[in-house]
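As structure tokens, here come the structures.
The same chain A turns up in both complexes below, where it pairs with chain B and then with chain C.
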Partner chain A sequence: MPPVIDTEKCIGCGLCAEICPMMVFRHKPEESDTPQVLYGDECWHCNACVLDCSQGAIRLRLPLPYMILNTDAANLKG
Partner chain B sequence: MPRQLFARKVIKTDVLVVGGGLAGCSAAIRAAEKGASVLLVDKSHVRRSGNAATGVDHTWCYLPEVHDPQGFTPEQLVEDHIAKMGPVQDQDIIHAIACNIGERIKEMEGWGMPFKTDGEYRFVKKIHRVPTFLHWAGRDQKVIFERQLRKLNVETMNRVMIFELLKQDGRVVGAIGVGTREPVIYIFIARSVVVATGGISRMFPAKHCMDFNRQRYPYGSGDGIAMGIRAGAEVVRMEFFNRWTGLAHFFKSGRGTWIGVLEDASGTPLSGEAVAGGRSKMTTGVENHGKINQFYREGRGPIYMNCGTTSDEDFDYMCWALSNEGNQLLLQQARELGIDFHHKRIEFEAYDAEMTGGYCPDVSGRTNVPGLFAGGGEVIGNMKRSVSPGSFAFGKIAGESAAIEALGQELADPARNSDEIDRNVDRLEQMLKRSQGASWQEASGACQNIMGHYCCETKYENLLVAGQEQLARVRRRAEHTLAASCQHELVRCLEALNLMEIAEASLTASLERKETRQDSYDPFRRVDYTEENPEMRKFLVYSKEDGKHRLHWRSPRTIS
Partner chain C sequence: MKEDIREYSADVLVVGGGIAGLMAAIAAAEEGASVILAEKANTKRSGSGATGNDHFLCYIPEKHGADMQPILREVLDSMVGLCHDKDNTRRFLQESFEVVQLWNEWGIAMRPHGDWEFMGHAFPGRPRVWLKYDGHNQKPALTAKAKSCGVEILNHLPVVDLCSDESGICGALAMDVRGDDPEFVFLRAKTVVLATGSANRMYSPAGTPGWMFNTAFCPSCTGAAQAQAWRIGANLVNMELPNRHAGPKYFSRAGKSTWIGVYRYPDGRPLGPFVTEATKEYGDITCDVWNSAFTDLMLDGRGPAYLDCSGTSPEDLEYMRWGMRGEGLTALLDYLDEKKIDPGKRAVEFMQYEPHLIGRGLEIDIDGQTSLPGLFAAGDMVGNFRGDIGGAAVYGRIAGRQAARLAGGRSMPTSGAAAEWRKNRSEYYLSYLGQGSHDAGWREANLALHQICNDYIAAGPHRVRSATLLKAGMEYLEQLRANIRQEVRVANSHELLRLIEVLDLMDCAEVIFHSAGERKETRGMHIRSDFSFTNPLLSDKFLLVCKSPQNSEVSFKWRSIRN
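Presenting the complex of A and B:
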């Protein structure tokens, strides 16, 4: 699930759930202070939750199929 | 009688704006400035919704103080854009954007949009011959729009999906929406309506099996276009699709400015424009998608972006630009994984197909359906491939037109639409009540498979007819079997049905365009009609009336 919330840092304000363009989160304060990542496979990785979290409590985990293929530029020049 | 699943609310406004991206915000703000009461309804949340969620780093722009001293006129910019993007575009709309965008930039600067970098406007040549792309730190432009909406007291309703327009006597008088989280049906009654729901994503199968791994905002399911078709609106270019090219595997990061050389596996640069060596020749890769696919087929892949010869200054510039085009995660991942783009080659590939069709309103944003206006990414002629200027400028134009229109209109009585509203509510309730049935993923996957299989790279009559039949079967079945366990799934079901509406238009228009054309931005291949037909260098206008398809050809409008 792409967004990962650090429950130690999260203050339960729910802004990530409120503003996520994709409805990835659900926040029910009566159930849990920290929002749940309910639809992680619908994440667009836009980073809005990371940018807007006042506590820096969210990071995005890039799923395996999204891994970047890279090779050393210098080695391939010759 | 079983208990009703939905609460119902009727809301009245002068101007209803559907969609809160750059165009919707621009329309709503302008309509409010003109004195109309405005309600902006967003399926998501206006702070970060739309394709510009966390940034767009450039906007096509004619700025008199920059372009006049260099001898460029708005007409030259339009001509340049047409030369690059192909002749089948409404020049009057592009001209209106060119003539309005400068003033718009100044106005938005007043709201705090940082269009200047280091005290100056940074213009670059990107895909045009004239330096038309204003590069700027657009990361938080949606946040600034949200602030401006608040400042003007524009009423905004988030997390409501509008899925059907309401008409009386041939005129759009409102719309029906449903809460994406709460079980509420909203009946909106308005004197005029602006649709600004953006482009169409998730129409074709995802290339790497992850449905939301898309270059374009995956929440954009063409809702405005689909409900417009059902309301009798004319749409164009439904037969075309395009592909973006960019970073392999992580398609969100295909957007942005890369300064480097695209080369094959052995390090041989791809020919022509693929070689980008400096700030004046930025490569987004879009021009190379055909070539990239060809090189892969010929055994020369993987294709790489090599930034090894990019100067330090250009490289820093590239990273700045990427971070402002919503690619903060890409840069962060690269840092965490120790991938130094400056000394590594990274793979590029052609992405899944994307629809490019949409509304074809007049130069004021007025569609063929009275009371209905369109602005933003779903408008064709609205700066194909570069929609932010269209959204800023043409969104504003559509908002102003809708506000003026609203002055002379009475609010409709929703009682006249009660049968239609009841039918729609019942349809949604059925989906929520079915304990077993088809999921939204099945519906959306079935539609994507049909488009990928019958209506993509290879088209011919038998294939397209079979696609139409299959789509009709799937759609009928979906209508009667779709099941949703919550509002979230209900919204996804409605999106899948909207995608099917658009697929039907695409198959039908593809059948009518009996030609093959090789334009770099409008490739269209019919196996049974292999030549280009000059008579078809026109818009193919599609609409629906009483469930029947209507098609006609129209020449693009020139500058009036």
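Presenting the complex of A and C:
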């Protein structure tokens, strides 16, 4: 589900959990350095976590239903 | 739960830390008021402007000329123009340039290419009113400014109820959601500014039913202000007039006019009469005007409808990409890149998204005050003025300033005020905690609400409302309320917040049921099968609705639109 954290790159700062508008992460340093993606299906794909992660450790995996429908523009003719 | 509820107090309480809320807080603090701002998530990245915006509605005399009248007309003819008391719109335009300049000073690039630049959302030959700016850092920049003014920002502290007593508004109950266990907090204040944004997740996402967070606007914005103000008797306005946004299918995102292309039928003919080649100056405004185009074309079989950027110049395609970054569409750009979808070569199908509340809600006066003294509102949840980001910024400032001035003449509610009320309300919410394996969760409640809204307060095109449908739907809504009360239990503060959001959305739906019944005509996407005409006698009127907190009686009032 949307945010995917690269545990190799994550430094456990918890910024993603702090700023996510949907609060999809849970960060409990005493349990795990890397925040958990606990409510991934509530992601709004706003990309705030991706943009703000100083380590570039987060990417979004968009669910299959979110596909952007597209076609070759040259096909738009009678 | 602790015996004593923690309290904060300040002259002015701002509810919600989006664009309007931060601007209100800054303005109130600059007036010398003490200010607390309670925010559901974190003001650095919350709300529909979380990661940016690129169009700021405004009037800049040096670019538009000394006569504001043509600009006012342009705003009222635009996609945000349906529900305006014109005195609000005029006040907004008059103060808009000052706010643009302030944002620029505060580090938001309002003229990223050197001069004030108006682009997009425009008819050929008409004045352009949307300032193109780079808002990628607008939330961190406004947060920093608010802190520097002394605003106390309380993050992860959503307000769940407003408190009023015989002397008027006196504060709010909020819920600390930082830990697994919710903690209730009372926020005492002399005046309150509501700024909780639009209301999403009331209807199923039109493209991806079941994926309820795939919404064009922030799905954490769930009509809290409309619902809370309704519960204490404030006037709401225009709630029955549906709004539906449009954008790429199936990836829901606001920002359709950042795309620079031509809307086309599958055979290549343009949908609209405005442009045959799109440029950054005009784009294609067709779907601002023909709002239902994408639905119409699907349902009559002429579709699908595409946005075709293949005729756009390479320079303008680069400009479009830049605009998308400023608007916060970076997830969209990442996805296009990852899937190798080049908008210069691939036409993208567009669709009309589900109804939501934006520019529908609280009635405000010229200073942003609601019908309840001391209670102000600004931003997407105002029902008689809409200006999106620019509107939120400017009216947030107006409302915050006025709330501070009014607070100056009021006394602080006493510590421990409304003790019984806050105890009752917090116990009510806490009674939903304690999920067992056989209990329903908040998701079931939200999905059940979707069904009722989709079927019984449907929005056009091609879907109707009627007295019999509304009456039936209202009864089902009450049945759902009872079922939720009995069957829904949640596990922690996060889930309780989601449930409270659904309860707020149900109150918003209730308001729509009432006001849709009272509007006995067809107007826009409010289509009454039993009143299939638009009544010119109602064209210059607004429908106000409120519920008495004493006896729950709902009353309506038609009033003239202010000029």
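Just so it is clear, the second predicted complex is superposed on the first by the 77 of 78 C-alpha atoms of A that agree within 3 Å, B and C clash if a C-alpha of one lies under 4 Å from a C-alpha of the other, contacts with A are read in each partner's own complex, and residues count from 1 in each chain.
Keep in mind that, in the parts below, a contact is a pair of C-beta atoms (placed from the backbone, for glycine too) under 8 Å apart; a residue touches a chain by one contact, two chains touch by 3 or more.
If you're wondering where the values come from, they're calculated on a predicted model, not measured in any experiment.
Student: Touching A:4, do we find chain B (first), chain C (second), both, or neither?
Tutor: Touch partners of A:4: none, neither chain B nor chain C.
Student: Touching A:23 in the superposition: chain B (first), chain C (second), both, neither?
Tutor: both
Student: Could you look at A:69 and tell me whether it touches chain B, chain C, both or neither (first, second, both, neither)?
Tutor: Both: A:69 reaches chain B and chain C.
Student: Indicate the residue numbers of chain A shared between its chain B interface and its chain C interface, in ascending order.
Tutor: Comparing the two interfaces on chain A, one with chain B and one with chain C, the shared residues are 18-23, 38-39, 41-48, 50-52, 60, 62-63, 65-74, 76-77.
Student: Give every residue of chain C touching chain A within the complex, in rising order.
Tutor: 41-42, 44-47, 50-51, 155-156, 177, 207-208, 211, 213-215, 218-220, 248-251, 253, 264-269, 304, 306, 308-310, 328, 330-332, 334-336, 339, 341, 345-349, 494, 497-498
Student: Given the complex with chain B, which residues does chain A contribute to the contact?
Tutor: Residues in contact with chain B: 18-23, 38-39, 41-48, 50-52, 60, 62-63, 65-74, 76-77.
Student: So in the complex, which bits of chain A are touching chain C?
Tutor: Spelled out, the residues of chain A in touch with chain C are 18-23, 38-39, 41-48, 50-52, 59-60, 62-63, 65-78.
Student: Chain A touches which residues of chain B in the complex?
Tutor: Residues of chain B touching chain A: 44-45, 47-50, 53-54, 139-140, 158-159, 180-181, 208-214, 217-219, 247-250, 252, 265-267, 302, 304, 306-308, 326, 328-330, 333-334, 337, 339, 343-347, 488, 491.
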